[in-house]
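To keep things clear, I will list the structure first and then write my remarks on it.
Chain IDs A, B, C and D follow the sequence of writing; residue 1 opens each chain.
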């Protein structure tokens, strides 16, 4: 199967209520998580599925598990999976904590949404993550970023890197190219060591 | 009269069609232009007047001339001047080139909008700008920024500094503070030397 | 006395060990704190004094108290005060908590550095801050930003606004203007209500 | 061969004189250019080779041609190729215009450096680029960005997208995570149509 990375945002089906991770953030998150080199990838808070689908294409031999508790999101997620023929995605319509119980090991855990249970999710991921496995989390709030940094500092067997990504897209308006800002995102990637 | 700098964006009357310079950009533009230390300030492409009014408050002893060709903008501009009792502003409803003819000298020229005539406006400003006078221009397009940089590099008696300002505002959403990006602006300030 | 805002960074004496708040951040911090409309301004963690001196010039009728515990910083701070003839600054070489005891009321508290005691400093400031008074804090770390947001959310009589400011300066290199990034800063301003 | 994207900056050999494209920019440039789906990739102004090597790993079946005129850079470039066993890279120590003459078709042209000849390089690339081929250019100067936008607007068979990428890396300093800014880059990607 042909590998791909960087699907155009407009190609995904969306609903107004569910925010979608933007193209540049998907690219960076998956590349920094080395998602292409993973057998089992869980996408926690999969939302419309843009990260899961991108992961499915970037890691065509991997198995991606899209975990999402919100039924409204599940519907769009299913449609997107079908649209992109992403056959290596399994959808799990459940809370992250429940869903994670069924895994024996995980190579890469992507955390897009945490629904207020970030710390618990991190604990649950930690139980299943392989040595050498990676966590890649996207944060838009200072509170979740801060909680995750605290968690990682307490878990000294994790090595982490954090970046803030700010993208401005130049929009063509007549003979001008005008910068339009995309909301900045923190991307945190952590590798589990022995 | 009491000096002030940094009026809340929401205090200005606005119309959808006319973009307004944001608070942080107004503050930086006027401070970097040393607008408080100026007798004659022209605000070219005054739009809704937010920069003119801010200049009027930051430089209560100065005379601010708000130049704007668009009659729709003039209406809002007038209302804002009245709302803020900014008595030291004179409105000129004309093209910049015409309006500038009537000045003998200028201390500070603020260029917010140029309507496609940036180079001509810079030439016209240059004719009237005092030695030691300042130009402070805000650009959202690469083309105007580039044109202005070219002009300044050809006019070696100007010393210029250029910055790009990107502001993210933390918005309170429930128990989270979430960054919302404001479109970035280039602020170019130049001082005319002998 | 002539008001001024936006002193060139290069005009301050500096030492390598003590980081200095950059020009654009000083301008925004003081304008957003409405420091010009204040009688008593304390600058906590004054460092080389750039914010204190800027405040002294922006608020020529105000009294600025530069609080700094580090004796190395005090030396540079004193020299800068002398260089700029900032006669309305009083230097206090002490810990913030001690220094703040001696005030009856404060109009504006600027927090540049907190030396690991941010929460305590906020408590101490709160005791002395007038109704209508402002706190303006600059943060470079996620931890201090997060601590301050937590504190403000617990103190519901404060209304706060937070922005992240990212400045890129265009540097002239031959015939090119090349963006050089300044490290981003969070500026948090809060007003104390009844 | 194992695909990879996102090599750690510190793994490349460097020399002080030659600037290196940073990890996040390499990832985005190559993903947005769909470099993995290309037979012939030219890297113009290859410098230390970080983009070429990254392309070689992201597109293991592609042939990468690293074009660089500066002999000092060539030395480091060669060492990096050897270090990463990037056997699908061919080094061409020549001016871009000369080097490009020898190609019959090109799928992806990466423009990292242009040595002041950007317009000519774009003309030369255009002559050899396949329909459906991509140009991906990184700019740090307003002048080159502006020149490239002008060129693309004159060549209406190209569809282009431009973004500015600003990365802040959180650096661990004691118990704090402190944002350190990386200089922003404009990434311009263009697809050649019929």
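Throughout what follows, contacts are C-beta pairs under 8 Å (C-beta built on N, C-alpha and C of every residue); 3 or more make two chains touch, one makes a residue touch a chain.
From a predicted model like this one, the values you see are computed outputs, not experimental measurements.
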{"item": "Maximum centroid distance from subunit A, chain identifier (CA atoms)", "value": "B"}
{"item": "Pair exhibiting more inter-chain C-beta contacts, C-D or A-D", "value": "A-D"}
{"item": "Rounded Å distance between subunit C and subunit D, as computed from the means of their C-alpha atoms", "value": "42"}
{"item": "Where subunit A and subunit D are represented by their mean Cα positions, the distance between them in whole Å", "value": "26"}
{"item": "In subunit B, residues with contacts to at least two other chains", "value": "142-143, 149, 164, 166, 168, 170, 175, 177, 179, 184"}
{"item": "Residues on subunit B engaged by subunit D in the complex (per definition of touch)", "value": "142-143, 145-146, 149, 164, 166, 184"}
{"item": "Subunit D - residues contacting subunit C, complex", "value": "140-144, 166, 168, 170, 173, 175-184"}
{"item": "Complex interface listing, subunit A residues touching subunit D", "value": "2-6, 24, 27-28, 31-32, 34, 36-37, 149, 153, 161-170, 175, 177, 179, 186"}
